[in-house]
Amino acid sequence: MKKINKVVLAFSGGLDTSVILKWLQDTYQCEVVTFTADIGQGEEVEPARAKAKQLGVKEIYIDDLREEFVRDFVFPMFRANTIYEGEYLLGTSIARPLIAKRQIEIAKETGADAVSHGATGKGNDQVRFELGYYALQPDIQVIAPWREWNLTSREKLLQYAEQHNIPVEMKKKTGSPYSMDANLLHISYEGRVLEDPAVEPEELMWRWSVSPEKAPDVPEYLDVEFRCGDVVALNGVELSPARVLEKLNTLGGKNGIGRLDLVENRYVGMKSRGCYETPGGSILLRAHRAMESITLDREVAHLKDDLMPRYAELIYNGYWWSPERRMLQVLIDASQERVNGWVRLKLYKGNITVVGRDSHTDSLFDPNIATFEDDAGAYNQRDAAGFIKLNALRLRIAAKRQR
Amino acid sequence: MKKINKVVLAFSGGLDTSVILKWLQDTYQCEVVTFTADIGQGEEVEPARAKAKQLGVKEIYIDDLREEFVRDFVFPMFRANTIYEGEYLLGTSIARPLIAKRQIEIAKETGADAVSHGATGKGNDQVRFELGYYALQPDIQVIAPWREWNLTSREKLLQYAEQHNIPVEMKKKTGSPYSMDANLLHISYEGRVLEDPAVEPEELMWRWSVSPEKAPDVPEYLDVEFRCGDVVALNGVELSPARVLEKLNTLGGKNGIGRLDLVENRYVGMKSRGCYETPGGSILLRAHRAMESITLDREVAHLKDDLMPRYAELIYNGYWWSPERRMLQVLIDASQERVNGWVRLKLYKGNITVVGRDSHTDSLFDPNIATFEDDAGAYNQRDAAGFIKLNALRLRIAAKRQR
Amino acid sequence: MKKINKVVLAFSGGLDTSVILKWLQDTYQCEVVTFTADIGQGEEVEPARAKAKQLGVKEIYIDDLREEFVRDFVFPMFRANTIYEGEYLLGTSIARPLIAKRQIEIAKETGADAVSHGATGKGNDQVRFELGYYALQPDIQVIAPWREWNLTSREKLLQYAEQHNIPVEMKKKTGSPYSMDANLLHISYEGRVLEDPAVEPEELMWRWSVSPEKAPDVPEYLDVEFRCGDVVALNGVELSPARVLEKLNTLGGKNGIGRLDLVENRYVGMKSRGCYETPGGSILLRAHRAMESITLDREVAHLKDDLMPRYAELIYNGYWWSPERRMLQVLIDASQERVNGWVRLKLYKGNITVVGRDSHTDSLFDPNIATFEDDAGAYNQRDAAGFIKLNALRLRIAAKRQR
Amino acid sequence: MKKINKVVLAFSGGLDTSVILKWLQDTYQCEVVTFTADIGQGEEVEPARAKAKQLGVKEIYIDDLREEFVRDFVFPMFRANTIYEGEYLLGTSIARPLIAKRQIEIAKETGADAVSHGATGKGNDQVRFELGYYALQPDIQVIAPWREWNLTSREKLLQYAEQHNIPVEMKKKTGSPYSMDANLLHISYEGRVLEDPAVEPEELMWRWSVSPEKAPDVPEYLDVEFRCGDVVALNGVELSPARVLEKLNTLGGKNGIGRLDLVENRYVGMKSRGCYETPGGSILLRAHRAMESITLDREVAHLKDDLMPRYAELIYNGYWWSPERRMLQVLIDASQERVNGWVRLKLYKGNITVVGRDSHTDSLFDPNIATFEDDAGAYNQRDAAGFIKLNALRLRIAAKRQR
């Protein structure tokens, strides 16, 4: 076993990471630094301080990372219209690189030689955490307790907690029916009954949004303003990045928007079924595409579309801090300089409908050319004959040879 | 002016193609063969026969191509989860190659040396028709009246019709407010007030679907069965391809599904605003992705996703009959051999929600491995350590060099 | 330690695999089946039989796989003009899947529950072997001695051999200066002085080719005939696939062709320096591209070029038996139907120069259109104006907006 | 016919553009401004001044653009290792955007409302010129005489020259056997006997390089130093971009390097046969790849390789000034920040062999990890087992289902 002096643990304050905290102290005989972040998961972070103290932790970090999360991670990702496997908005994937980065910063500040997280050995999150750690601090030691210990079930975990006087909330004892992850972008559900992809999830599971059936009977209109591809105002009110996403979450959740039920392919090789609520993100994606539709050049848009699945895969697989993701980001960001203007959306019972879009400064939509009416010479229809003739030339040459 | 003996005209029987028919006879002093196809546009095709006769046409072709359209064009396209520019389901694009193919067949049967269509010189359809013509019959003469004549407005068209005793329906005189195109896959609207992309279309415009607001208050469940990537049964009833799409259109339209309002980039270089109703296609796309999610290998799915935008662009731009589209189709079709099983959907006021999917023969979802519970050794969590370590190696080497 | 009954070892008869043979017997107390293949490495395979017998092996497989190797692996790969990282012709990579396949077949025939190979834990070959094993027989046990034992140096290996009475050839004792791999496609050199990429390899290292300096002073012309993208005849003489490659190797080696000195990126994450001789393959690649240049449609050729690096990476990384490689192969093979004709090459002191190419049946080169002379109307130069105008349209619209 | 006041003509001073000059004056009754650039074509540009004066031109521009050409066009292109269709180094393509840019600048300076060039209606150059014009000045008038006049043969051209007292050099009268284009990057040959791709070009055709047979019998070593992906010194001597390319041309030409004979696919739809000499560019490409091989991250290199054919196609097709080319350039340039170091090459009778490469500041080659000897724990071979196991997982799951 490797010798560890001090380890920075990503600590939620919940059962799992509390057990890990104790287990690290006992197993490695090392000091543990806890790090708890508010990334909009919707739970208080301060209680984590008391729990950490109770377990003898001397260095306790509690950070509000919500603005950084949206500004430097969520927004850059949405500039690419990122979707994994045609459906998934990468809500969990995009938070991990930020946690990893902050853990490494704290390790440097506190002189720790190791970091630790509570992700299991089956999922993508371990990869996302650890690729981040290694990319930012190549000699860091990584401890992934789920891959090392033999506490392979909830019962064993509870037993360990009891044996070591780790306080466990009542609700934890009965056990949550799902494995959940939340941040400002989304909340996810996995495990238990969801492990049969043939079965519909129960209505009770969903926490962030009402069902379309329960949503208001009257549509709600929303104006979204973009600057360089990022949302800067909603309904005319300028908002910070985190406030934008919070507001979109509220509007989306209220109108039954953003639920997803899918089977995805994990980087570690298996298929898994997940359910997601991404109310604000779903609105953001639709609005951004509409904004780009009148401000981006066609071939720039197509280049982005061609690269998007690759970019999404990089984020899903945990390569946020890789040089290839950074290269792609440079291209994506450069494309957004002119993505300025506004989009009008109609939200209604799960539907996000684009009903208008314009840009006073950067629209490439030219009604004089596009019109079905007389265009006064703006476009010469006869040009099309030559255009088609030359595009057809290779096809005709081949056809003449009976191909 | 080129010398034409006989021309096959894609003839709808409406004002535009009636004027074209007469104009061709007068301008080229040639015989005209009319070809009218039922591709599910929802209008009677037989009236076209009387109109053609009245205008002196001797060879009149009226074909029901609905099954061929869905089987050989729509279904192959949906195997790729095809979407153009993130939104558009290519409803117009996919019908043109079939029309072009049939026109060329008729030209060969009737000994015609030319073909003609009613598409304008500004749009994509002229390209789609003509690339098809040239690829299938390289020496064919193509007459595109809109690029040649000076009837540049509706008024001039009506005047021409009157002068030449072409019967015009009353409704045509007042003029349709939109330029529309319909087939079994979709109906589209362009022009007039839609030419301002900032303005929401009026509710009256939409013809195929009720609005989500007007849709039933009770969700409807639908079971979709796939064989080799194509839908073969709905709610347990085996249906032919065209019947599948008709049924999906009915279900979608009733439940407020499939409306789209977007700005797209035309192949000829300008942006245009279009509104679309694709009720059945929207359901089909969602269901197909869900079916693939448990039956396709991850990397095959990602390869398809990477190639999809290119494939979509080929179809949008009119290259259905090109060798590169055929190459891609070979790959796509090969991927669908195992896409067998069923998907359960919930349709409700514009929403298509996947609530279950399974395949008795071809599921790659392995609950024993995916489970959050004890997996009895199906997966060794310790393997993940090595997996991460080697994937991180290049990042660590770079980081050690301060990069 | 896992319980093994019988293991099929990829056995060359050399020092390493002889030690592995003995080590497997001792360590796992299991029966060992040896498998030795002639894939054109240029060494006798029969001596392996005696060595295996001497070490008590009862089931000994010695197969001549040269034709299968070229026909089913090398030729399909070259149809894609495959190069890894702009330089490497994948000589080692392409042989591993065949070895893996045959090992699994023998495991099934002999009722073995495990397979083993002599590749180290640092290289790509372990991955290529084992991905093949698992893809073809998912429950097979894999033993990779280099990852398990502690014989971490040549000295320890020789010591082990001596202790266990394993016969070692004299030359092995002194130690080869390089780690080498050979088959009909290439021979490779790694290790020792090559580990400093700043230093030029010594002339003595190269075994298959003379240096350009030593090659004949008179060029040699070669006619290569293709059918469906594969070479079927050289200088008018029909040859089997393996004979084609042998002949090309002879011609190339004699004329100083096919040496390569490069640094490549391994799948396991490090850079390594390798030197390669691929005389026949270098000729084949050049000839195939030339053949395609007049028989392939432009967009098919470009689609192949776009996908080639991905296809190359799959083979380099060991995914020959994956579904995504098979999908790509289907597309590639479909593109080759018309790649028929001949190419004339000039070989001279390291240079492969294409000096002529033609196809009586499938040339898409049309001199009447391409000519700089009067083309008698085969091509209407005025068409180009419209072609350019519409291709420029989006650029002009943007420029008008000062973009 | 459009009304033109003043036109800027790209004027070489040769027969073709002299006839064009006169033809423009006569046909459009407009003033002509001539623009002659030295981009390293190897001919004097000053004689063009006298010819222009003689034909009554008042505004004459003669510019030395060699440094700008290499610095802002050739070098950026080589950062991407750009090759079109696996062979062609884009020597002609890369010069056109610079000419177009300078012509538009001059049009603005002189108040001209039109530009003109001497490219025919069959080739790629017309597209490259005109896409540049339109992208940089959307309302410019473009006159392409070859698409307008009826001087469709050399004889008619000479006759026109004679009738209009245009001085014609003797050599022009006999007629050059090839259509040629030259600049610092290359010289090209097309037309005449080359129009039969089955026939080898005569040795006499080549102008810039000796044949490998005639090259020196002794190899020449060359050290190439890179900074941010561009060559900054040769054999230890710092040189400006144009000087670098000149020197490489001299070295390459002397050693029989850089000849190419190929059939390419033109953007306008036909195949054409061209022969090229690119001595310096061939060396540059090889050296740059070698430099990247030790300084670029694997995935960055692969991303570049995947995008290269698309980038090459953009340049070949004339889209240098398009936003999508600029986007790609941003990505490519960002990747080059660490491409610093040196490469040693051996030049010998047509061969460019890399014999060494190193970077004191940016090498990612780690001999401690790569070594075949004992690595003292730098790499844990056991990690590979987990790496392979998880990469194989999806293949094993599929195989268990007999897929």
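Letters A, B, C and D mark the chains as written, and numbering starts fresh at 1 in each.
As a working rule, contacts are C-beta pairs under 8 Å (C-beta built on N, C-alpha and C of every residue); 3 or more make two chains touch, one makes a residue touch a chain.
All figures in this text were calculated on a predicted structure; none of them were measured in a lab.
Visitor: Report which interface contains more C-beta contacts, comparing A-B against A-D.
Guide: A-B
Visitor: Rounded to a whole Å, what is the gap between the Cα centroids of chain A and chain B?
Guide: A distance of 32 Å separates the two centres.
Visitor: Can you check how far apart chain A and chain D are, centre to centre, with Cα atoms defining each centre and the answer in Å?
Guide: Chain centroid spacing, chain A to chain D, equals 42 Å.
Visitor: Can you list the chain B residues in contact with two or more other chains?
Guide: Residues 265, 268-270, 297-299, 302, 310, 322-323, 364, 366, 369, 379, 382-385, 387, 390-394, 397-398, 403 of chain B each touch two or more of the other chains.
Visitor: What kind of graph do the touching chains make: line, ring, star, complete, other?
Guide: Shape of the chain contacts: complete, all pairs touching.
Visitor: Name, in rising order, each residue of chain C that touches chain B in their complex.
Guide: 265, 268-270, 297, 299-300, 302-303, 310, 319, 322-324, 326-328, 330-331, 334-335, 390-394, 397
Visitor: Along chain C, where are the residues that touch chain A in the complex?
Guide: It comes out as residues 297-299, 338, 362-364, 366, 369, 379-380, 382-387, 389-391, 393-394, 397-398, 401, 403.
Visitor: Once bound in the complex, which stretches of chain C touch chain D?
Guide: Going by the criterion above, the answer is residues 81, 85-87, 120-122, 126-127, 130-131, 134-139, 144, 146-147, 152-153, 179, 190-192, 195-201, 212-213, 217, 219, 256, 259, 261-265, 268-273, 289-290, 293-294, 298, 301-302, 305-306, 309-310, 313, 321-323, 344, 346, 348-351, 353-358, 364-367, 369-374, 379, 381-385, 387-388, 391-392, 395-400, 403.
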